[in-house]
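Note that the chains are named A, B, C and D in the order they appear, and that numbering of residues resets to 1 at the start of each chain.
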Amino acid sequence: VRRERTVAFSDGVFAIAITLLVLTIQIPHLQGDSQSQLDRLLDQELPDLFAYFIGFFVIGGFWYRHHMFFDSLRGFDRRLLLANMVFLSLIALIPFPTAVLGDHLGLTVSVVMFAVVVALAGIADAVMLWLALDRDLLPLEEEARPRRYVARSLLIPGLFLLSIPVGFASASAAEWMWIGVLLIGPRVAARLGWVRPWAGR
Amino acid sequence: VRRERTVAFSDGVFAIAITLLVLTIQIPHLQGDSQSQLDRLLDQELPDLFAYFIGFFVIGGFWYRHHMFFDSLRGFDRRLLLANMVFLSLIALIPFPTAVLGDHLGLTVSVVMFAVVVALAGIADAVMLWLALDRDLLPLEEEARPRRYVARSLLIPGLFLLSIPVGFASASAAEWMWIGVLLIGPRVAARLGWVRPWAGR
Amino acid sequence: VRRERTVAFSDGVFAIAITLLVLTIQIPHLQGDSQSQLDRLLDQELPDLFAYFIGFFVIGGFWYRHHMFFDSLRGFDRRLLLANMVFLSLIALIPFPTAVLGDHLGLTVSVVMFAVVVALAGIADAVMLWLALDRDLLPLEEEARPRRYVARSLLIPGLFLLSIPVGFASASAAEWMWIGVLLIGPRVAARLGWVRPWAGR
Amino acid sequence: VRRERTVAFSDGVFAIAITLLVLTIQIPHLQGDSQSQLDRLLDQELPDLFAYFIGFFVIGGFWYRHHMFFDSLRGFDRRLLLANMVFLSLIALIPFPTAVLGDHLGLTVSVVMFAVVVALAGIADAVMLWLALDRDLLPLEEEARPRRYVARSLLIPGLFLLSIPVGFASASAAEWMWIGVLLIGPRVAARLGWVRPWAGR
C-alpha cells in the first residue's frame, strides 16, 4: 500500500505543478484599437506561452520517467521515499523559474535559473535510480550494468547544465537547445534502445 | 497499470484546470453605499461569472469525452501518451483565455483567443481518436467507419472555429453561439445516436 | 468504472477548491515596530481567517454529503452526471465569495453573496438526490418516503437562504447563524436519526 | 470504502497545499545590468526559497505521519473524520504563514505565526492518535502504552511551540531550530525505535 500512496501523492504534485504553470501567464490589459490590442497581446503573451509549453513538457517528461521508474520498482524503502520528496520539492518549484523565464525571455539570469532548477530535478531523479540499484530494487537487466544505467539518466540534466554556459553567450541559443532536447531526446533514447520495449498495457 | 496512471494524471489536470477557473474572477474592492457597491459588483463580476461558467462547461465537456474515449480503449501506446500530453497542455491553458474573456467580454481579440484555444484542444482530441483507430485500439463498431467517427469528433472544434469569423462581426454573437453549442450539442449527439448507449454503471 | 471516475474527479474538485481557499487570505505588508505589526496583522488577517474556516467547513460538509450519497447510490446515469457537474461548478466557485467575505466581513453585500452561492450549491445537491430517487437509484429505505428525504436535504440551503434577510439587518448576525448551522446541524441530524448509522468501515 | 475516500481526499489536500507553496515565491522584476539583476534576485528570492523548502518538508513530514497512521488504523469513525477535517484545515493553511515568512524572514511576528500554525497542526495530529486509541482502532502494541504513544507524537509540535519564545529572542535562532528538527527528528525517532519497522512494500 505504501508505494501506491507515494505514487498517487507524486502524481498529484506533478498534475498540480503542471497545471499551475498557466498562472505564470500574465493577463494583458487590452486598450486602444484592435490593432494595438493585438500588438500588445503578441508582445506580451508569446514569451509567456513559450515558457508555458517548455515548462509543461519538461514536467511532463519527468512525470513519464517517474512513471516508468516506479512501474519497474520491485520494492520501496525509506531512503527512496525521502529522495522522492526532495525530487518533488524541485518539480513543484518549476513554475517559479518558468514565470521568471516568461517575463524575461532574453535575460541570461532567467535562462540560468530555469536550467539550474531543471538540472537539479534531473540529478535528484538520477539519485533515486542509484538508490534503487544500490538496494537491488530494480529488475535484473538494469542491475547488470548499474553505472551505465545511471550515466544515461544523467544525460538530460547534463544537457541542461551545458545550456548554462550557452545561456551566458546567448539566451535564445540556450532556449533552442532545450527545444532540441525535448523534441529529439526521446527519439534518440528509443533508437539507442535505452527505453524498455512498450508493453501496450 | 500504465493506462490507469495516465487516466489518473489526466483527471488530475482536468480537475485542477476546472477549479483554477475561479481564480480568473477578480475580487472587487467595494466602496461607497450599498447601492454603488451592488452596481460595482454587477458591472465587474457578471462578465467574469459568465466566462467562468463557459470555461467550466467547456472543460467539463472535454473531460466527459476523454472519459468515454479511455473507457472504450482496448490498448495504449507511446504515440497516444504523447498526443494526450499535447491535449492536456491545451486543456490546462484554458484558464488563461477564460481570464482574458472575463476582463474583456466585448472585445473581438478575447473572443478569438478563447475560440482558438478550445478549437486546438478539440483538434488534439480528434487526433487521439484517429491514432487509436489507426492502431486498432477501439472496439469494432467504430473501426468499421473510422472517417465518419473522426469527422463527428471534429464537429465541436469546427463550431468553435466558425465562431472566430462570427466574433469579428460581433463578439456577443460568438458567445451566444458557444452557449448554444454547450446546451444543444449533447442532445443532438444523443438523438443522432452518436453517443454510445449508457450502461448505467 | 464510470461512477468511480466521476467520484474521483469530484473529490479532486473538492480537494482543490478547499485548498485554494488559502489564497483568499491576503499577505500583509508588515512595517513599523512589533506592536504596530501585530495590530496590522490582527486587523487584516482575523476577518480573512474567519472566512477561510467558514469556507473550509462549508466545502467539507458538502464533501461529506456527496461522499455518503455516492456511497449509497445503486446506479448512475447521464442526468446525474450533468447535475453533478452543475453542483461542482458551484462548489468550485465558493473561494470567490469567501475572498469577498474576508475582505468585507461587515458588508451586507458580501454576506448575501456568500449565502446565495452556498444555498445554490445546496439546491443542486438536493436536485441530485431527487434525480436519484426518481430513477430508483437509492436503497429502499429512502425510496419509501422520497418527499421527506428531499425536504430534509433542503434544510441546510434553506437556513443559508434565511440568512440573507438576516444579513440585511445585520451582517454579523448572519455570520453567527452560519457558525451555528455548522456546529449544531450535524448533531441535530444525528439525534433525529436523519443520518444513516455509521458502518465503521 | 469510506476510509479510502477520506485518505484519497486527504492526499489531495496535502499534494495541493505542498504545490501551492510555489505561489508564495514572488516573481522578481529584473532591471539594470546583469550584476544588479543577480543582486536583486539573491536578496529577494533567497528568503522566499528558504521558506518554500521549510514549508515543503513540514507538510511532507505531516503527510508521512498521516500515511503511517491511516495505514495502521483498524477502523474509522465519525469523530476521526471530523478531527481529520480540522487537521486538514490547518495543513491547507500552511502556505499562508510560509508566504509571510518568506517576505519577512527576520521578523519575530512571522516566525511566531509559522510556529503557531505548525504546532496547531501537530496538536490536531496528536488528537487523531488519541481518538483512535480511545476507540481501540490501533493495533495492540500502541494500545498497551497509549499515554507514551501520544506523548511522543507531541514532541514535534512541542519543539515548534518552544521555538516561539526562541523567536522572540532571535528570529534566525528559531529558524535554525526548525531546520534541526526537520533534519535530526526522523533519525532520532528511528534510533529510539519510535517508528515501526519498515515493511518494504
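The rule is short, and it goes like this: contacts are C-beta pairs under 8 Å (C-beta built on N, C-alpha and C of every residue); 3 or more make two chains touch, one makes a residue touch a chain.
In this text the structure is predicted, and so the values were computed from the model without any measurement.
Between the Cα centres of subunit B and subunit D there is a gap of 37 Å.
As a whole-number value, the distance joining the C-alpha centres of subunit B and subunit C reads 26 Å. Within subunit D, residues 8, 12, 16, 20, 23 each touch two or more of the remaining chains. Viewed as a contact network, the protein chains form a single closed ring in which every chain touches exactly two others.
By the definition of touch given earlier, these chain pairs are in contact: A-B, A-D, B-C, C-D.
Of all residues in subunit D, those touching subunit A in their complex are 7-8, 11-12, 14-16, 18-23, 25, 27-30, 34, 37-38, 41, 52-53, 56-57, 60, 63-64, 67, 71, 198-201.
On the subunit C side of its complex with subunit B, the touching residues are 1-3, 5, 8-9, 12-13, 16-17, 20, 23, 75-78, 81, 85, 88-89, 92-93, 95-96, 99-100, 103-104, 107-110, 113.
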